[in-house]
């Protein structure tokens, strides 16, 4: 499937800031299920900084913006060819040892309820167990925007019984890790076709490591594994670690952020 | 040089000079309070606090301006950021941060002042006469100044220290003169009276300039002569002319070393020419208070320019 | 427990200390107290003081300085030197490996869990090889001695070992107070440490740096207990001492704010923890760090010493495997031995530890500074029971070691001269070359019988001499 992305993030400051530094994970890496056709990231008044591919295979690009500025716009445009590999991340170049992703972080910390949820799932092998865990999380947390926020933890979302894709991913990761399965957070885009659910186009899911198969994506928010509708941007220990844009402004006042994402299918 | 280091050096100088001035103020105050006065000695102390802008903070904490409380407030009180104890502590802390930019002698002078201050703070107040405290402060300020002049490399750090000294000293001279003219002299008919002269003399004494004045001018002490001495005379170590010349000199050295001028040099030139071209008659025509207020405001603008150009590290 | 006295064997004096016998025997009581006071005044004047974490109190507290030197013969030192350098090489090889292919883990020589799930393992540097393949540029190896030829490594410090200022200042003060001693004994100098450190740091400048690299020391600030050391090293090396706010990222490089405008920085010797380096990569709430630093670092625009992630090599649980690292990477037998260590996370080890608590030293895996530590033979019954509980609750958090009979060195005390326990921390520099100045920090437990040498727990320091051959 050929998908086009148009993603605009606009930061507004109520007083001009002296400078802004950002670190982006906004460029999809290529692997068997995903091929970059063209891709461009621009930052208003931005100076392109250092770029590297990190150990997890993500392209990381730094930006600096010399102030004073009252508004910064990050614009992502591009085209990607995708293929349904049933969630399997095949042909992805990376060096981080999967065991690294057994480490807990604050939003993915296990509690009694999460451990209980995880212990009830079962399967004849790791892959089946992973599917069972993902299904359990889908059942336990209903999709409902607006009830959780950026810093809600997996335990809090489970207690609420509601949340968005970030909460689903965190909860699945906590459960998987408690069962000894390395798990990581993935940020990306989702193309919702006519009969698909109207989820946000800026999306997130989890990847669980299955020995022999490698990393496999699970999207508990949509009860499926990532397919051709998904564009994978980058991964991390949790939402913050995998954030597509991390930035800090020096000086100035309150920051407002406004995001629009449009994913469309293009003729091939 | 690291901008933050330059900033620390600049503030070492400003704080030490400020401590020196507060000591001198205390001296003026205690001398004036020995004068017979219609209102009694308390109001004189109050005037002094008014002039330095510390009256409100003092009143809040101590109420009536009793001499002993004023001594505490101006010397020991850590809640008062301009007290001698606060200034010396801040100067030493700034020094500790840039220890490596100082010579052993300069650090010693700062650190010894601080260590002795802690001793004084532990001593019984009854054993500490005011004159001993003020002498002690001025001695340490002079020792630091001497160590800087005698041992420090003449690099940009030396220039930033001196810029701090001259800015603070000019500001203080202007304020001390303003104290005299506006507060110590509430009634116009005192001008030219014996009392007036005595107060002017006290002011000179506080600036350690009584003898220098007589050598330079001779004859009667008049307001005109003193204004000339403290504003225009380049021989007077605390005059505004000396301070602005010092600022021009050290900012000029920076411009030369760095190969570029900033708005700070512009502002310094403006400040200096304002002093050079003003005659005493013109100053009194404008009004001494108005003249001094203008100087203080322009010097503050210069301080901002120095901050933006050198000390903030924002300059590209 | 027989204790090895480094100076006296029965009534005879061991060779390295031969010339100190007369010195101490002929020193009049008054001179001694005079000199001691002089030393303290000197320390205070130069401003070398020490603040104890979390204890409040006097921020200008002095670490007690003992004038009686600790002496090694040239031969003793040369063995130590070889052992320390060997260890520093192995630790760096380990770091390059675990951030690369992880061969030692694949070979089953060290459990992956200890490395990859370790808090100190930084995913952010995975796949990155720093210049010259060095992660830990200053390795501080803590060594104790139990006999003429028995040295044990207590722990490694691969991040930013502190204390070298005491090595330098102790020597300065001794030379000033007792010049005759230095004429009579041929003592190897240590004052070239700063020059060697500067060269080491410059040698790992990034490839993008052309010409003479600009080196800076990054400090958390003047409230830090080691601030004096940071400023001393900056001064001796002639480099700027910066705080996070003095540095900023612009484009592909890091710059410092100077009075002449931005100046590019090539090598950062940081004395702050990984977590505070870059709020965009690590702790987002960090005010100490430099936003964007890690992006510049990973793309080769700046070097950070020690490299982020170096801490995984000096973890107390990883420590147990250092001799295996020496064999695995260098194909050599370790010259310096580890103290036998029980990992309480292992069931058998835990059983042994719980059964022998009164004889053992128990430490927290991630603790430092002598806190969270049980010294069995010195502990009260209550303390032991408290630790028994802690151990059963979270065994993986503890290791245990036998109580070693640490060597003693004569030390000036109230009553005259008496033996006190000591340890040693030499500082190994790793860059293009591996270097070790002949000396280090000798810490001494000033309380009679005490084995805890940490300055935060009443320890003092001594000058450490290595005699020229």
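Every chain is named by a letter (A, B and C) in the order it is written, and numbering of its residues begins at 1.
Operating definition for what follows: contacts are C-beta pairs under 8 Å (C-beta built on N, C-alpha and C of every residue); 3 or more make two chains touch, one makes a residue touch a chain.
Since we're looking at a predicted model, the values are computed, not measured.
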item	value
Chain contact graph, described as a line, ring, star, complete graph or other shape	line
Top-ranked pair of chains - ranking by C-beta pairs in contact	A-C
Centre-to-centre distance between chain B and chain A (centres being mean Cα positions), rounded to whole Å	60
Inter-chain centre distance, chain A versus chain C - centres from mean C-alpha coordinates, in Å	41
Between chain C and chain B, distance of the C-alpha-averaged centres to the nearest whole Å	47
Chain B: positions in contact with at least two other chains	314, 316
Contacts with two or more other chains, residues of chain C listed in rising order	none
For chain A, residues that touch 2 or more chains besides their own	66
Partner chain A, residues of chain C touching it in the complex	99-102, 105, 112-113, 116-117, 119, 121, 123-128, 248-252, 279-281, 284, 291-292, 294-296, 298-299, 301
In the complex with chain B, residue positions of chain C that touch it	45-47, 222, 227-228, 231-232, 234-235, 240-243, 245-246, 256-262
Chain B residues within the chain C interface of the complex	1-6, 93, 96-97, 99-100, 104, 107-108, 111, 156, 160, 254, 258, 310-316
Footprint of chain C on chain A - complex, ascending	19, 21-23, 47-56, 60-62, 64, 66, 94-97, 99-100, 102-103, 237, 240, 246-248
